[in-house]
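Common to both upcoming complexes is subunit A, partnered first by subunit B, then by subunit C.
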Partner chain A sequence: MVLRRFLPALPPLLAFAGILAIWELLSLYFGLDGLPPPSVALRQVPVILTDPQSLFDIVDSLRRMAIGIVLALVFAIPVGLWMGRSRFAAAFFNPLLSVIYPVPKAALMPIIMLWLGVGDASKILVIFLGVTLPLIYHSYQGSRAVEEKLLWSAAAMGMQPPARLARIVLPAALPEILVGCRTALVLGLITMVTSEMIARQTGIGNLVFQSLEMGIYDTVYAMIVIIGALGFILDVLFERLRGWLVGWAEPAQSIIVGST
Partner chain B sequence: MSQAELTSPRIAAEERNALRQSSMISIERVSKYFDTRRDKRHLALSEITLPVTRGEFVSILGPSGCGKSTLLYIVGGFVQPSSGQVLVNDRPVEGPGPDRGPVFQEFALFPWKTVLGNVTYGLDQRGVPKAEAVARARALLAMVSLSGYENFYPKELSGGMKQRVAIARTLAYKPNILLMDEPFGALDAQTRTRLQNDLLKIWDEDRKTVLFVTHSVEEAVFLSDRVVMMSRSPGRIQDIIDIDLPRPRDRASLLLDRRYQDYVVNIERMMDAQTGDHS
Partner chain C sequence: MNTRSSTLAYGLLGALPIVGLLALWQAIHLSGIAPPALLPSPAAVFLRFFQQLGDASFLQNVGVTLYRLFVGFFVAAVVGIAAGVVATGSKLFASFLLPLVRVLAPVPKIALYPAFTLTLGYDDASKIALVIADALFPILLATYQGTSAVEPKLAWSARAAGVSPLRTLFTVVLPAALPSVMTGCRIGLVISCIVVFLAEMITSTNGLGHLLMRAARNFQTVDMFVPLIAISILGLLLNSAFNALRRHLLRGFPEEK
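== the complex of A and B ==
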């Protein structure tokens, strides 16, 4: 009974243990300063997490990431849904998007800093840019795939086109939109860290690079582990939210997390 | 007097104008082309003319792909005809409206809504108070034998159950015209028979105008005042048969009725003669 409940947790635990073992072996074998064994590096994790300054940095990063993602959601979902329902909108935005998509958004950071300085605004804008495109893309796909007869059924009940976008297209496309959101969460985390490495002030990325410059490698690795754990926790929380929001959907929505 | 027109033989062209006054639906020389890949135009419907009297139950029979669904979509205002027009209540159809309730072949239930949520959706949309909407929805769900499934989501239902929810959802907001596209197609014979009876009972109460697409000759004869037979490529009306059987109709006694049997056999013969291939 107890065994059966914990059995699903076994493969991921094994995977983590495997990574730690390989890391430990590699660092013992090479004996490099820049590659401390996990037994040393991981000891820094509780130290970082109990240090008020580091905690503040982490929370500050997450705050910027949240603002950037929320802004992107507010912008990207309506645009994507509109593109999916209007041939004009699709023809207008599609070429723009395919030009902008492959540009690495973090590489724009130095330019954006020229306009907005090194503060929150630049970083939030970069995060916004980093997550907007996959959100638009998935909202667009979801909106385009909405079964026509759902819209017809609503129209027969007297629902007008603008209301249909919010009350039929949005919920019908939600499973696909949430696939985009999951990608956005990962990309947001990546862009957040990158932006802080370029515009150093506060934040997780800054912590990593400061420690790196000062040669405190165990802290660097501990931070990388913390970033990974953050991604993992956000993903688990997001999956909860997703199950709650689109439990009604047919399964078979395969999730592919895009790359930068 | 509308009864006389209702049971009159095939409507001749010159009578059309006279009929228009009493027509609930007037389909006038409707054609529909679809653009296909090979820059050819596919003629799905050719010059369909069909007046339907208020309160009339008309079935449409025809091989797969002859344009039955397309014709319903045009009457529903979901699809524009390439030429010709449809009048409903003497006004040209310009789009969908709550006077015409569709039941789609593909059910088209809102997957994010429960069974109850689906059936009350149109009522909420029309501003019916919540409590009243729920009461009406429950009564309709009881009629289609889905009591107890109120909180199920569409993905948790079988095809036949979805179909019954779709029927209840459309009946709920009481459209004057029902556009039903093979609404009993996914049902087992027993449920099908029961729902046919229920549909006739509902229809007898307030005599909605019904356009009913089906593949079953028996079903068409059992339910209808008139059966429209369509042929394929291009889709056109091949024949219209008046079903002169007494109402209210009782299935058991109809099955023994010689006239019912004749209608079924004759229509089947005509359909066989029309197409060598089977659909």
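== the complex of A and C ==
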């Protein structure tokens, strides 16, 4: 029974081991200074995670990411749900959203820093901008697909439109909204790392380039492993949460949309 | 008559927030709350943009960006589509590929960029590698999902008619999954566009992203907006060109309107 519980975790673990093996072989074959073997690089992971300054930077980055994503949830879900139920709202917002879609959000960092300074506000705003669009899009799709009869029944029983949005549309659209949240979580991490690599002030992204410029290559690779692991762990945890929240719905498959 | 005027009304409604934002930008500029050094007027930005379109060195930087973008995207498309199709055809290959995708897809690829610069250098190769890493997964997953959903009878008929398994995959299953494959490619293309720009912002000596960072270092605000507008328009154009291609290729598909 124990075996069966851990069996699903086996293929990803094997895949991870495979990646490490390929990395080790590449590094042995090429013998580059810029590509230390994983056996050397991974030794730096505990060193980084026990160093108070790096740990503080990492936690601080995650804190800003969480604030940015929560703000985006509060803004994007109502807008998306409203767009799905109102032709007016959809016609009003859709063209604007499709114009904003191809703008690289993390690239706004230097401009936003001119306005809001180098503090938390600009970093949180960039993350907010980075994750808002997929959240609106998935809430919109979910809300558009809500069974009309549910809404008619609620209306027939005298429920007002705002209450219908919160009590009928929101739960019915929840599976699709959570697909959006999953994308947003990964995108939030990407936007955070990217904007920190661009701004080079604080945070995980800055740590990577700091060690790169100082030539401490094993730390660079250890940081890459830490960021990659963060992405994977956040995704797995969210899948757990999603299964628990909307276990009743079909397991939705989604394309994880890469970067911002 | 009535539907036509309402389509027009909705079209105008959609233009409202875009025009509104530009007007707000101009109003903030005119009111003088923000000095021009922080927020140039939209007119100045667009004027500069059109001026730059005639400037040889600007166009050269656009060319550099386009080269990295397309090389990366095409490699990602070829590898992603092939891997997705073969994974549908072969259980063995899928059992290798899918766990790998499960681990690598949620990893922020931008984190690999420092590793690419260390191993492939600061020139084109590291940017192209990042574009491939970022565009590959949406294309691969969309292809795999699309091809696994194809009606099995189509493949069985081809097999019964004596077509080899591999040929069946590429001549029957892949075309039947074209709508999904095209969606994956369109998403991959816009992602490539964004990623190449970001990579150029992080470390580069040329390309549109580099122009933004150079302007930022020199506090030339107008010149910071121009590359950003250029890459966004490029993304919009590529997106709509791809949609047109998609409509053309998918004539007669029942699920396409």
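Just a few scattered comments:
The rule we apply is simple: the second predicted complex is superposed on the first by the 245 of 260 C-alpha atoms of A that agree within 3 Å, B and C clash if a C-alpha of one lies under 4 Å from a C-alpha of the other, contacts with A are read in each partner's own complex, and residues count from 1 in each chain.
Quick note on the criterion: a contact is a pair of C-beta atoms (placed from the backbone, for glycine too) under 8 Å apart; a residue touches a chain by one contact, two chains touch by 3 or more.
This one's a predicted model, so the numbers in the text were calculated from it and none came from an experiment.
In the superposition on chain A, no contact is made by A:Gln53 with either subunit B or subunit C. In the superposed model, more residues of subunit A are touched by C than by the other of subunit B and subunit C.
Of the two partner chains, subunit B is the only one touched by A:Leu174; subunit C is not. In the superposition on chain A, A:Ala155 makes contact with subunit B only, while subunit C stays out of contact range.
Contact with neither subunit B nor subunit C is seen for A:Ser39 once the two complexes are overlaid on the shared chain.
Legend: residue contacts after superposition of the two complexes on their common chain; A:Glu147 is shown touching subunit B, with no touch to subunit C. Shared-chain residue A:Trp248: touches subunit B; no touch with subunit C. Comparing which residues of subunit A touch subunit B with which touch subunit C, the overlap is empty. Interface residues of subunit A, counted against subunit B in their complex, comprise 147, 149-150, 152-159, 168, 171-172, 174, 246-250.
By the touch criterion stated above, subunit C contacts subunit A in their complex at residues 10-11, 13-18, 21, 34, 38-39, 95, 98-100, 102-115, 117-119, 134-135, 137-138, 141-142, 145, 184, 187, 190-191, 193-195, 197-198, 201-202, 209, 212-213, 216, 221, 224-225, 228, 231-232, 234-236, 238-239.
Those residues of subunit B that touch subunit A in the complex are listed here as 73, 76-78, 95-98, 100-102, 104, 106, 108, 110-113, 121-122, 125-126, 153-155, 169-170, 173, 175.
Residues 11-12, 14-16, 18-19, 30, 32, 34-35, 87-88, 91-96, 98-99, 101-104, 106-108, 110-111, 114-115, 186, 189-190, 193-194, 197-198, 208-209, 212, 217, 220-221, 223-224, 227-228, 231-232, 234-235, 253, 255-260 of subunit A touch subunit C in their complex.
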